[in-house]
Structure formats: C-alpha cells, structure tokens
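The data blocks that follow each hold one structure.
Two complexes are shown next, each including subunit A; its partner changes from subunit B in the first to subunit C in the second.
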Partner chain A sequence: MNYQFDLFFIANGLWPLLKGLVVTLELTVAANIIGLTLGFVIALLVMNPNPILRWPFTLFIEFFRCTPALVQIVWFFYCIPIIFDVYIDALTMGILAIGLNLAAFNAEAYRAAIQGVQSNQYDATVALGLSPFQRTVYVVLPQAFRSALPVLVANGIGAFQQTALVAIVALQDLMYMGKILATDTYRPIEVFTVIALIYFAISFPISQLVEYIERRRKAENS
Partner chain B sequence: MANTKYLVEMKGLHKSYAGGVKPVLQGLDISMCPGDRVVVIGPSGGGKSTLLRVLMGLEDIDKGQLLFQGKNYITTDKYGKTVIDKEIRRNIGMVFQHYTLFPHLNILQNLTLAPIKVRGESKQSAELRARGLLTRFGLEAKEKAYPAHLSGGQKQRVAIARALMLDPKLMLFDEVTSALDPELVAEVEQVIMHLAEQAMPMVIVTHDMHFAKNIASRVIFCAGGVVVEDGPPEQVLGRPKEARTREFIQRVFHIGETEGVGRELSI
Partner chain C sequence: MELDFSVIFDYKAALLFGLLLTLKLTAICVVLGCALGFLVAIARSSKNKILYGVSTVYVALFRGTPVLIQLFWMFFCLPLVLGIELSNLTCGVIALTLYMAAITSETFRASFSFVSKEQHDAGIALGLTYRVHTLYVLLPQAMLRAAPTLLSNCTSLFKESALVSAVGMADLMFVSQNISNRTGHPVELLTAAAVIYFVIAFPITRAVTALERKILHTMAI
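Entry: the complex of A and B
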C-alpha cells in the first residue's frame, strides 16, 4: 500500500469533530437516563400478574429486540412525523429512538435480575415479618440492582455506539461530522480511524470498569 | 388469650403440591406444649420440611386448622383459600438449611433490618440488642462483615441470631446443619442446645440422629404425610413401637446390616 498517512490535517478538523462528539455524548447520556428509568418501570410492568397490563409492554420489548436499531431510527425519523403529524427536532427524535431501544434491553436486564433473586430470600423475609413492599424495597431490589449493574452498563456502552447510526438521518453527531470531514478532505482513512479511536477511547475504560465490578462480585460471592 | 395448655395445635392439616396431585401432608394432628422441643424425623418426601414451612406460614394449606396459643393462626376460608394471621406469625422464628442471610447487608444490618422496619424499633436500640446477641454467639468481630465472608457455621449462627432479634415464642429449625461441613456442625448445634437450656420451644427437622437424641423432649416420626409415631426420644429412637419407625431408625443408624433387629440404641 502506497498511502501516505497524514494526521496533521486532522488538527483543522478537530473542532467540528468535537462538536459532533458533544452531540454523541448528549444522545448517550439522555438515552441512558431514559433506558435506566423507563426500563425499570417496564420490567415491573412485564412482571405484573395482570396480562392486560403485561402484554403491551412485552410487545414493546420484543419490537425493539427483534428489529434492527437502524430500522428503528429510520422509522422514528420518517414515520412518526407523518403518522402523528408532529414535528420533533432531530436530537429529541434520536434520543427517543435510542432511549426506547435501550429501555427495552434494560427492562430485560432488570427482569432477569429481579427474578434471579433466590426464592429462599423471600422465605427469609416472610419469616422475619417483612411486608411485600418492605421485601421489595429492602431485599429484592438492592440485590437485583447489584446483579443487573454490569448488564446495564454494557447496554449503556452499546447505546453509545448505536448513536453513530443517527448520522444516517443527518443528525450531526461524531459519525456525521466525520463523514463530512472525510468528504471535504479526501482523507477517509485518517478520519474514520480517528473516529473509531474516539469511540474506543470512551467505551474501553467503561467496559474495563464493568469487568472489574464483575470480578469483584464473583470474588465476594464465592 | 384463649385458655389452652398448648402452644401449637394442628388439626387435620392437609397440603398437596401441583394442584392436589402430589399430597404431602395428609391429615396431621399434632399438639405442642410450651415446654416441648420437638424433633421431626422421617424419610425425605415424608412432609417434614413442608410441616415446618406450613407452621411458618410460607405455604398454603388445602384443609385443616392451626392454632397458636389457642388462637386461630392458619385456616381456610369457604373458598378453600388459606388465611394466615400475620400478627400471630410474628411469634414464630425460622432458620433454614441454606442460611438465607441477605447478601447485600452486613451482619449487623441483617440482624437489625426486621426489628427496625417491622417493629419500628430505633436503630440504636436494635443495634445494641444485635451486638449483645452477636457477642453471645461469639460473632462480635463480624458485625461489619458481609455474609459471603463468613463460614457456613458462622452464617447459620447469624441466621439464628437474626430470628431471635424478634423475640420469637417458637423457633423452627429446618435441617440447619445439613449444608454444613462436618466440622462446623457442632458450633451450630451448641447454639441450639443453648437455646433449649433457656426453655425456648422449638421444632427441629434434622437427619442428625445423635443431635435429635440429645435435644429432643419429644420425637415425631413422620412418613407419607402422617404422624406414624410420636413419643419421648427413648421410645421413638430407642424402642419404636411402629414397624415403619423401627425400619427407618435401623436404616439411619446402620444397624440393619448386622442382623440387629431388636437391638436397642443406648440413650
């Protein structure tokens, strides 16, 4: 390969890339707030014994789990404004699409963690006279949150990477700014390498942190 | 309080699993006096653990009645639904085979959670009592430790202390030493013996016949969901009247192998 790498030019393109990164981080943080809170509520609803309350949310989870995220984003951007005759700005729409997707996956993480609390813990709370509410708040949820945490963080990182998909609907995130810069400079290799490194530099420490937490938990429970 | 000499009365208790397909208790009648230390023995699947779980209010019943100090504790309503008096249930404490400590709370918090949340006791008072119990059980150095860092024997002693925090009038022990390494069994049994000396009424399910012999004031042999034999340990463990009891006792003491029919245990 006879290609001359030139990373110097990127100094000129740094400012738009940074602006794109800010949009990416905004998307990530907002989507995670939706994912962590709404996901929890949905998890409680899908565990409701009442099937009428349960099935719309089961459907919600399955819709987001069984369709590609890219399709979901495109669908949100093009179909929602037409179907509901509303205009929602691009950033909000991106946050909604990625946030709802994350909520569906997090709901499954919460549900598995809550159902993973051992049944003998329930026996112990009954023997100690705790009410169902006290059992949920003081015994089940604290244990469930702990065991769900690694999956929630991993899903959160996944959402961070998925934000790159919004570039396709012209939301000016890191990926979109990169594409513009690559076209402007005719330097796609450098630009996309730098972009990949930025995603990596943010995801990698967090995924290492998750592994550390998991290792510590395993050591604690052995 | 109703006038009765019994602490617990079970009348015609029926219980089945899988919607009536698998009967476990088939008409149990047991009356227990306040001074009784009842050890329940019997083959697995004979209903021993279910009996304790019903007593603790952890299982629904199909039919029958359970009185505690002469008051209705567990009954069924006209639709066959189990009705449990939760106030009465608070008089009973239970320790399980698999410790069931709360893994996310340290030892002190394990002991004080129920007194603070259920009884509304102040944190200071609950912690003071908890420290007293932990000291009594030789666990005072462990109050800040988490259950995962304790040995099986220590966990089980903590579980006993946790149940005692609620001042139970009856303690249930469900195979509490079965999951322990042999060298850890004694420390747990000593704690239970200690409670027995303080006249704590208890029902114990155990496979440890020597412990049963030492602690019981009364032994019940339960098989096929009914009481087969009920009497003092010298009788049930020593000279059982019923053939099924005799067979079981011989099997668990390994004396059948030497044609030991009729040979007696020295108690």
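Entry: the complex of A and C
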C-alpha cells in the first residue's frame, strides 16, 4: 500500500467537522424528543379499540418500518414541499423525517411494554378512581417507559446513525462535511476513518450502557 | 399540483432493472452475511483471546457506525488500501455483507445461549469432533431459534441496500431518483419506490411474527 497517512488534513478541517457534528447532534436530540413523545401517543392510538383511530396509525408504523430510511428522507425533502406547497428549512425537514421514523419504531417498543403492564395495575386504578388520563400518565407511562428503556435507547442510537443519511440531501451534518473534506483534500482514508470513529465514539458508550442496564435487570429479576 | 402516475408505467422497465439489482444485492449479502455472521459468533464465544478480540472489535465497529460511512469507506478507501481496482458491485457486496454479518453474529450469539450445556456435554460423550458438533448439533438448533430475528435482519439489509444509490449503483432508489430528476415527477416516482420497498418488506415482517409464534409455541423451544 503506497499511501502516506497524513492527519494534518484532519487537523486543518477540524472546524467544519465540528460544525457538522453539532448539526448531527441537534438532529439526534430533536428526533429523539419527537420519537419518545410521539411514539408513546402512537402506541396508545394503535392499541385503541376504535378501528378508525387504530388503522391509520398501524399503517403509519408499518410504512415507516418497512421502507428504507433513505427513501423516507428523500421523499420528505422532495415531496412535502410539492404536495403541501410549503417551504420548510432543511434542518426542520431532517428532524421531521428522522423523528417520525423513530416514532414508528418507538411506538412498537412502547406497545410491547404497555402490554406487559400487569392487569391488576389496571384494576387498582379503577379501585382508586383514577381517570383514564391519570391512569395513562401516572401508572402506565412510567412502567412502560421503564421496561421499554433498553429498546428506546437502542432505537435512539439507531436514529443517531440514520442522521448520516441527511448528507445525501445536502444537509450539512458530520457526514456531509466529511464528504466535502475528503473530496477537497483527496484524503478519503483519513477523513472517512476519523468520521467513522467520531460516530463510533458517541454510539458505542451508549450501547454499552444499554447492555449494562439489561444485565442489571436480568440479575434483579432472577 | 397535478400528479400523473402514468410516468411510473412509462419507466417500468428501468424501475424493474433497479429492483433486480436491489434484490440481487440483498440475496448475495444475506447468504454471505449469514455464513460470516455464524463464524463470527463462534469466534466471539471462543476461548482464543485473539479470535475473541478481533471479532468483538469488528462487531462493535460495524454496529457502532452508520452504514453509509461503512459503504463510503469500502468505495473510496478500500481500493486505496488494497491498491487494486474494485467494481461497484464488489464494494457494495463487501460493505453490506460485513454489516449483515455484524448484526447476524449478535443474533446467532443470542441463540447459542438457548442450546443447553447438556448438549455440549453429550457431544463430548459421543466423541463428536468440534467441527461435527458445531455443524450438526449447534448450527441446526441455533438456526431454528434465530430464524425470526435472522429474517428481520434480512429486511433491515433489504432496506439498507438503498444506500448504494448514494455511491452511484443503479438500484431501485437510484433509478427512481434519476427518473424523477429527469422528468420532474418526484412525488409519483419516490412514492412508487417507497411502495415497492413496502410491498416486499411488509410480508417478510408478517412472516417474522408468524414464525416467532410457531417456533415459540408449537416447537416449545
């Protein structure tokens, strides 16, 4: 291999990469806020006995889970402005696309967790005279959130990795900045390796945390 | 806004061509990825420190980075590192296979823990060699147990394969984006692409649920 490694180019391009990383993190945090809140609401709607409420959201979940995230993002960027005749800035659009995708995956996680809430808990809320709203927010949500947490965090990391896709629609995230830097400097190996390591350095500790939580739970239960 | 969905039928040959590449890529990488994933899973449960270390780092790296950057790395860096020309298809297959192997190795590893310790002892008592034990005792049971998750990994791979459009491979996503740019009908063509992906992935996810029920309840394992 006749390739001289030269990390000087990375040091030179550090500032744009940092700016890109900030965009990536903004996207991740905002998408996770949407995913965690909307996901719970959708899970409740999907479990609703009323088919008019249930069907559209079941379809929503299945559609987001069964099509590539890239197709969803490109679709949002090209089609939403045409169909709804609105202009939305790129960052908001990226947040919307990734957030809705995450909401669909989180809704499934919440649904499984809500089904796991024991029926005697429901009986207790009736006995205590709690309203359906109180029951949902104070009894079901905390328990469902707790048991869904490992999956929710794993999905959150997934969303963090998905944010790299917005580079394809020219939103200036870490991936996009890296692509530009690699092309400008003709140093793909250094740049792409460093970017991969940045993504890794963020997602790996969080995924280890999830495994730790799961291990501790298993130990608690046994 | 006026939508004209007839444009999809005008370009159906091109879309079909793209779909075929998507399916071909998925099929090749599913087979190679599952085989490699099984080997990696074995390496990760090995007592050999080097095997364990290398396979663990590999899985962590490929699960901890976006698939897009893995793909870019294989396209732009691997030919430089190896010093040889690699075709687009080769790079795509390498990238997606390595990704698939990383996620399936985790699936296999989880399924190994369901193959009980007694089976291992029985293998030793019967005087089975390591290779025979792995191939005829461990693999079939692990496969059965892992089948639902493996199938859903296949759907993930099928969806991730759309990323190769970003490096200019003419898959379904690339073709539909190209046609939509040329004809100015993004809504029709991108929706069509989404629906095609959905029509293929959705039945597989249903099959996963059915398989889970069948394996968990009927076979009681």
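The rule is short, and it goes like this: the second predicted complex is superposed on the first by the 198 of 222 C-alpha atoms of A that agree within 3 Å, B and C clash if a C-alpha of one lies under 4 Å from a C-alpha of the other, contacts with A are read in each partner's own complex, and residues count from 1 in each chain.
To be clear about the criterion, a contact is a pair of C-beta atoms (placed from the backbone, for glycine too) under 8 Å apart; a residue touches a chain by one contact, two chains touch by 3 or more.
Quick caveat: nothing in here was measured; it's all calculated off a predicted structure.
Trainee: Scan A:I195 for contacts with subunit B and subunit C and give back first, second, both or neither.
Mentor: Once the two structures are laid over each other on A, A:I195 reaches subunit C alone.
Trainee: Check the residue A:R65 against both partner chains and state whether it touches subunit B (first), subunit C (second), both, or neither.
Mentor: second
Trainee: In the overlaid three-chain picture, which partner chain does A:T37 touch, first (subunit B) or second (subunit C), both, or neither?
Mentor: neither
Trainee: Would you sort A:R146 into first (subunit B), second (subunit C), both or neither based on which partner it touches?
Mentor: After superposing on A, A:R146 lies in contact with subunit B but is clear of subunit C.
Trainee: Considering only touches as defined above, state whether A:G129 meets subunit B (first), subunit C (second), both or neither.
Mentor: So A:G129 only meets subunit B here.
Trainee: Just subunit B (first), just subunit C (second), both, or neither: which does A:Q121 touch?
Mentor: First partner only, subunit B.
Trainee: Name the contact category of A:Y138: first (subunit B only), second (subunit C only), both, or neither.
Mentor: After superposing on A, A:Y138 lies in contact with subunit B but is clear of subunit C.
Trainee: Of the two partners subunit B and subunit C, indicate the one touching more residues belonging to subunit A.
Mentor: C
Trainee: Using the touch definition up top, name the residues of subunit A that touch subunit B in the complex.
Mentor: 120-121, 123-124, 126-131, 134, 138-139, 142-143, 146, 220-222
Trainee: How about subunit C: which of its residues touch subunit A in the complex?
Mentor: Where subunit C meets subunit A, its residues are 1, 60-61, 63-70, 72-73, 76-77, 80-83, 155, 159-163, 165-166, 173, 177, 180, 186-187, 190-191, 193-194, 197-198, 201-202, 205.
Trainee: Considering the complex alone, what residue numbers of subunit B touch subunit A?
Mentor: The contact residues of subunit B facing subunit A are 53, 56-58, 86, 89-90, 92-94, 96, 98, 100-104, 113-114, 117-118, 146, 148-149, 162-163, 166.
Trainee: Inside the complex, what are the residues of subunit A that reach subunit C?
Mentor: These residues of subunit A touch subunit C: 1-3, 62-63, 65-72, 74-75, 78-79, 82-83, 85, 161-165, 167-168, 175, 178-179, 182, 188-189, 192-193, 195-196, 199-200, 203-204, 207.
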